[in-house]
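Each of the next two complexes has chain A plus one other chain: chain B in the first, chain C in the second.
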Partner chain A sequence: MSFWSQVVEITRVDLKVERRLGDTMRIVLPFAVVALLVFPLTLGVDLSAISRLGPAVFWAIGILFGMQVALRQAAHDDPERRDLYALLGVDPAARFVGRTLSGGVLMLGFLGVLLVAMIALYSPELPDSWFGPLLLTSILVAVGLTELGTLAGEVTADLHNRTALASLIIAPLALPLVIGASSTLEAMTRDAGILPWILILVATDLALAVAGVGLARPLEEASR
Partner chain B sequence: MTRVRVLLAIAAAGMVVGLWFALTAPTDTLQGEFTRIINIHAPSMWLAFLAFGLTALGSAAWLIRRQTRWDRLAEGSAELGVMFTAIGLFSGMVWGQAVWGRAWDWGDPRLSTTAVMFFVYVGYLALRAATPDPTVRARRSAILGVIAVVQVPLVYFSVNMFRTLHQTQSIRPDGITMPREMAIAIFVNVIAFTIVYIALLVARIDVAKAEEKAAAELALAGDAVKPPRLSEVKDV
Partner chain C sequence: MGRLVDLNQIAVSLGGLPVLRDIELALDPGETLGVSGPNGAGKTTLLRVVATLLAPATGSGTVLGAELGTAAVYPVRRRIGLLAHRPALIPELTLAENLRHAANLSGIDSRKTETALRVVGLDEVSSRTAAASSFGMLRRTEVARLLITSPTILLLDEPFTGLDMEAQELIGALVSRTTSEGGSVVMVSHELGHLAAHASRLLTISQGRLEPAL
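What follows is the complex of A and B.
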């Protein structure tokens, strides 16, 4: 099986398992929408503040809850499954790329629904022609966050406090994603260029991809 | 232990000399006595960068060589890096409160990125603490140690990349942008802090060796002494 066939197969299996478990859409997404609902309650009835803070809250909640998507149960292989992958000769780098792709697809869906909820609840003042840049930003954030989640998931595999520990590892390392994502919309509002922020996101994604593929074999050993 | 004691004695002497230079160096006209905080703040942050750099080096070396000594180096250096970052952050906040009028300024990316670097390595230490098996612990933390080091250039160059309240580097290839006496005091303190770092690192590595030895001995004792299970006790 070629590298890319392995990637496609792992992505397909991951998405199939996720469809059965439904962690992302049935648990994490409703929880994130509840968080969107709770935040304005803490501000009081200040509609202009709620409208102004909408995009920032979207990214904060999107990235914090996105970590739970990245660490979903379907992305966690038990030791037997990992041994099976190794015995079948699956390339660890293909596992990383496949997992990143499946997680990226889920994360993009998650961010999309969350965005619609934010627009409905916060009525934010979005700049003209916001859709294209926001879609691009969301794709880059989804990829970066999933790469981080895959890396953190592997180094914390089978630990009893895995979810909390992996979140502690991901959250600070996701800083460039938070800055890049929130600054893109903010720059558009000010009619400033968004290219530097997009480049920060691209550079972060590429660096994580190089780390993930380069460290794929030690990562595979680490999760055993 | 003698080696560690000698190193700690040299470190203590170095700190006394550093303190003398810090207290006798001239102060800034506007900042007054608060200028002296720089003699703790700057060396602490330099040592934090060095410590995290050595953590990455130890981690990479472990991944290549698989020798325990590299893991000990990475562990000890990360712990000291977190300590020096905490000192650097705290001293910076004290200085900020006095000079900027607030301890934490969100307009300063150097502060935010340093705090993030601190928490990345807190996560590294938490990962180590949560992994009981020594080989698995070394392997997993080595991967994180290699990835986490990207924070160091991000913190160092944040003053050049973003608009910031924090001053840019005072010591540059084209010269030093502060009075000579102040620069000498900082330089002496960097050396003193480096000796402290080396002494503590050597001591920490010795402790790690002792821990490994104790763990091996405890495992043997644990095999012989097992607590009784309730189901095995007949006459209750």
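What follows is the complex of A and C.
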């Protein structure tokens, strides 16, 4: 079976399992919205500050809770299933790409709902024609964060404290994504160029993709 | 056709503890090997070495002509079938979906899965999720997977545990089919009686060493 057929099959089944488990939309998303709701309470009644901080809070909460989406249960294979995939001839790189695609779709949906909630709760002053750049930024963040989550999941596969360890790996490595995403929005509000920040996000995504595909086989073999 | 498995002086350690020592094993086409031994003797580890999933620390060996511990084993893995002690199914998928998933990943016509489910007697319960199925049903689903993938080397870990007579006969039929098509089978179990009924050669494993069965 071709590499891309395996990618499509992994993505399809991953999304089906996630739909049945509901980790992202029924558990992570409501808690992220509550966090978005609670944050302004710490600022009192300063509405202009709330409005100004909205986009930054959106990215901070989006990436923090997005780590849980990236490490969702549906993207974790127990040792028996990893052995089975190897014996079925599944390319570990296809598993990485498939997991990244399914996670990217979920992450984009998650960020989309969170964005609507942020606009409703914070009434931020968004620049004209904000939708296109914000969509592009969200896609790049979704892909990068999922790549990072999939990679961290593979590094910590079969470890008892996998969830805690994987989060600790993701948090510092997600910094370029946090900086790139929040700076893009800030640059837009100042009418400054967003290209350098977009390039940081693209470079991060590409580096993670190369690392994920290149390390997929060694990590799978080392996990046994 | 040459030897399917040829292991020489293989030793394996897990977590710093020696699990297999001085393993010498050769398997010819059409052969069914039964390996018995107590819990913790190294039976499952031996199966994982033959499955190419575990590289030996010392010694050398080939499986389907591929040198163990090298990248040559990756393409031959799809010719090896393993019935592990714990089912490798996705709990949230139905039995039929699990089987179709395996077929799709191996490039096998997914229509074959319906026939396989009928053969193992699961056609009427195939819409149950794996999480809601009994151990016997999960095992039958795995047997159905081995039927459609038709491995050259079939590895069975405690294949008769927790199965009714009908399911045990299915395992027997799978073993017969594999050997009649020129493949080899390795079965490990702590119950010598079951192995003796199906194996053409019996060995015991004790403290990581293979010995002829008495």
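Keep this in mind: the second predicted complex is superposed on the first by the 221 of 224 C-alpha atoms of A that agree within 3 Å, B and C clash if a C-alpha of one lies under 4 Å from a C-alpha of the other, contacts with A are read in each partner's own complex, and residues count from 1 in each chain.
Following the convention adopted for this analysis, a residue touches a chain if its C-beta (ideal position, glycine included) is under 8 Å from a C-beta of that chain, and two chains touch if they have at least 3 such contacts.
Since the structure is predicted, the reported quantities are computational estimates derived from the model, not experimental observations.
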| item | value |
| --- | --- |
| When chain B and chain C are modelled together on chain A, clash or fit | fit |
| Partner chain in contact with A:Q6 - chain B first, chain C second, else both or neither | second |
| Contacts of A:S102 with chain B and chain C, given as first, second, both or neither | neither |
| Which superposed partner A:D83 touches (first chain B, second chain C, both, neither) | second |
| Partner chain(s) touched by A:N161 [first = chain B, second = chain C, both, neither] | first |
| Contacts of A:S182 with chain B and chain C, given as first, second, both or neither | neither |
| Partner chain(s) touched by A:K16 [first = chain B, second = chain C, both, neither] | second |
| Chain B versus chain C as contact partner of A:Q68, first or second or both or neither | neither |
| Chain B versus chain C as contact partner of A:T150, first or second or both or neither | neither |
| Minimum Cα separation, chain C to chain B, after superposition on A (Å) | 5 |
| Intersection of chain A interface sets (partners chain B, chain C) | 221, 224 |
| Partner chain C, residues of chain A touching it in the complex | 1, 5-6, 9-10, 13, 16-17, 20-21, 74, 78, 80-81, 83-90, 217, 221, 224 |
| In the complex with chain A, residue positions of chain C that touch it | 48, 51, 53-55, 74-75, 77-78, 80-82, 84, 86-90, 92-93, 97, 101-102, 104-107, 149 |
| Parts of chain B lying in touch with chain A, wherever the complex brings them together | 63, 112-113, 116-117, 119-120, 122-124, 126-127, 130-131, 136, 139-144, 146-148, 150-151, 154 |
| Contacting residues of chain A [partner chain B, same complex] | 151, 154-156, 159-161, 165, 168-169, 171-173, 175-176, 207, 211, 215, 218-219, 221-222, 224 |
